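Structures incoming, each one as structure tokens.
Paired with chain B in one complex and with chain C in the other, chain A is shared by the two complexes that follow.
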Partner chain A sequence: MPHRSKAQVTVIDVFFACLIFFTLFALLAFSWNYFVLKIYSLDRRADMENKLMMISDLLIKYPGNETFWDLNCNPKILGLGKENVLEKKKLDAFANSSCLNYSTMKQLLGSEYEFYFEARNSSDIIVEAGQKPIDASEALIIKRSVLVDGQIAFANFMLWR
Partner chain B sequence: MKGFVFSLDVWVGVIIALVILAASFYSLSSSQEDIWPQVQLEKQAKDILLVLDKTNSLESLNKTRIKENLDKGVPSNVGARIDIVLYKCTPYPCVSDSTIKFDSYNLTYSTSQIIPSDIVTAKKTFLVFDGGIKYFSIAQLGVWYK
Partner chain C sequence: MKAQIGIEFFFAVSIVLAILAFSYSVFVNQQEQTSWESDYLEAKKICTKISNSLDSALLAGDGFNQTISIPSYLNSKNYTIKIFSSQKLIEIEWDKNLFTCKIFSDNVWNSTSKDFVLGKESRKISNIKGKLIAT
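Then we have the complex of A and B:
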């Protein structure tokens, strides 16, 4: 009789040990998956933020290379003006898809994300370039105050995926 | 007694594992505080001051002009407050042994009601000329989300 009782206790022990082990294992697996996805998402978002900031800075602070790239439509580095003063001719060239097509712009901006740009004053859009978001899972926008033809305007940059 | 010790060990182990997991979840969720709006505000404040400078609004010290251009240059979802402080050479005009002293507050203007806890501030120094240097000036712009 004591022999039977001991064997039964062992089985219950094993059962509970397995239950606890698999519960913890499932919890850890779920947590691991959650952390990986979350960290990936945060990393992606930080990357988008950095790129959006750099692209907006590049375009409004730097006139581009060649300096008059809007004439031959063959820039090596894009830029629309200097110190927030944008050149209308460059804005027009940037928005003209026959001068710069979308994939060339993306390549020049060094972005794997889709982008949309618009320069606008308080009431109207002056120029727009890129692609507006379609079924975007994530989008980031930054509004920069600039001057276009001596008038105060906004340059809005958007990255999306 | 031996069996009981074993169970206690298990429970202590399980509790430690759960505490570590909970701490990890808490740590990850608290590290997700979004700083992007603040970074954006900082950029916008600098941009607005630069635009005011490039339009020569600051240098003009013309209050109406500064107010108008500030209203135009601030995005609709952002509020802003500008303070311009003037410093002057003493004695005036500036000579080599002049000292720069506070002269006056030129302008304090706000585009909307202020929410002090959310303000991001940028500063820009500029000079006002009248033959020679008339004022050494500081424009301070605070911006916030409405």
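Then we have the complex of A and C:
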């Protein structure tokens, strides 16, 4: 009598095949998600770095669109001096929240990130403006050498979120 | 001998088809998302390039001249670049999507207007006595 056998797919085979498939699928989804987040994180960091450089350049290399914006407290474009030489009166106006409030400064600087600025000499803070980071997930700082009242100082500008 | 298809086979085929349908929908969704993200990043790149160029022209001062190259297509798609100088804004529009970025200056002009559509390919950015000209 010839041997008759029927090809069979048992439930247990299908179960294991599905298990392997979904494990690989989950692994792929996880890796995909990880790399997408990584790309966004790198892109955001590059964006912050670019803004940090441009805004710090604006503050230390541009005097503002009005020569004496520190008097009327109504600049259309911010700037604290020219070619790294900062004007003390503009620094004071920048740090004075009744002259320029924080949201106005953010708007003028075109930044969606929070910021903190300080000008300091080797021992003391000369002026500070903006908000210090609170529970920041990311912060970048740039330190620029400047002159304030003929003295060497540092303009530290920080962006955070 | 009679060919037989067992109930298990139907069961297995049903599961495989269900998985296939699920995988297909996930991949199509991801593909659309990736395509949008690619466009978004490209728009951001173009916007940043133009804003950096205008900001640099402002900071460099009177007499500054620069020619920038702007791609004709955004990932093979048509797009427009609008500069709203009075709002200090650059807007990139493609397929009903928008990306905006900020500029420092509110004094950017083409030959006649402060709010205008910027052309593609080679564009000249100049600073003439604090007035930025993009042509």
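We take it that the second predicted complex is superposed on the first by the 145 of 161 C-alpha atoms of A that agree within 3 Å, B and C clash if a C-alpha of one lies under 4 Å from a C-alpha of the other, contacts with A are read in each partner's own complex, and residues count from 1 in each chain.
Please note the rule applied: contacts are C-beta pairs under 8 Å (C-beta built on N, C-alpha and C of every residue); 3 or more make two chains touch, one makes a residue touch a chain.
Since we're looking at a predicted model, the values are computed, not measured.
Peer 1: Of the two partner chains, chain B (first) and chain C (second), which one does A:R144 touch, if any: first, second, both, or neither?
Peer 2: The first partner, chain B, only.
Peer 1: First (chain B), second (chain C), both or neither: which does A:D43 touch?
Peer 2: The second partner, chain C, only.
Peer 1: Looking at the overlay, does A:W32 come into contact with chain B only (first), chain C only (second), both, or neither?
Peer 2: Touch status of A:W32: second partner only.
Peer 1: If you stack the two complexes on chain A, which partner ends up touching A:N65: first (chain B), second (chain C), both, or neither?
Peer 2: second
Peer 1: Going by the contact definition given at the top, which residues of chain A touch chain B in one complex and chain C in the other?
Peer 2: 9, 13
Peer 1: How about chain C: which of its residues touch chain A in the complex?
Peer 2: 1, 4, 6, 8-9, 11-12, 15, 19, 23, 26, 30, 37, 41, 44, 48, 52, 55, 58-59, 88, 102-107, 130
Peer 1: Could you pull out which chain A residues touch chain C in their complex?
Peer 2: It comes out as residues 4, 6, 8-11, 13-14, 18, 21, 25, 29, 32, 36, 43, 47, 50, 54, 57-58, 61-62, 65, 76-77, 110-111.
Peer 1: Would you pull the chain A residues touching chain B in the complex into a rising list?
Peer 2: 9, 13, 16-17, 20, 24, 27-28, 31, 35, 38-39, 42, 49, 53, 56, 83-85, 122, 140, 142-147, 150, 152, 154
Peer 1: Which bits of chain B are touching chain A when the two form their complex?
Peer 2: Where chain B meets chain A, its residues are 3, 6, 10, 14, 17-18, 21, 24-25, 28, 31-32, 36, 39-40, 43-44, 47-48, 50-51, 54-55, 69, 72-75.
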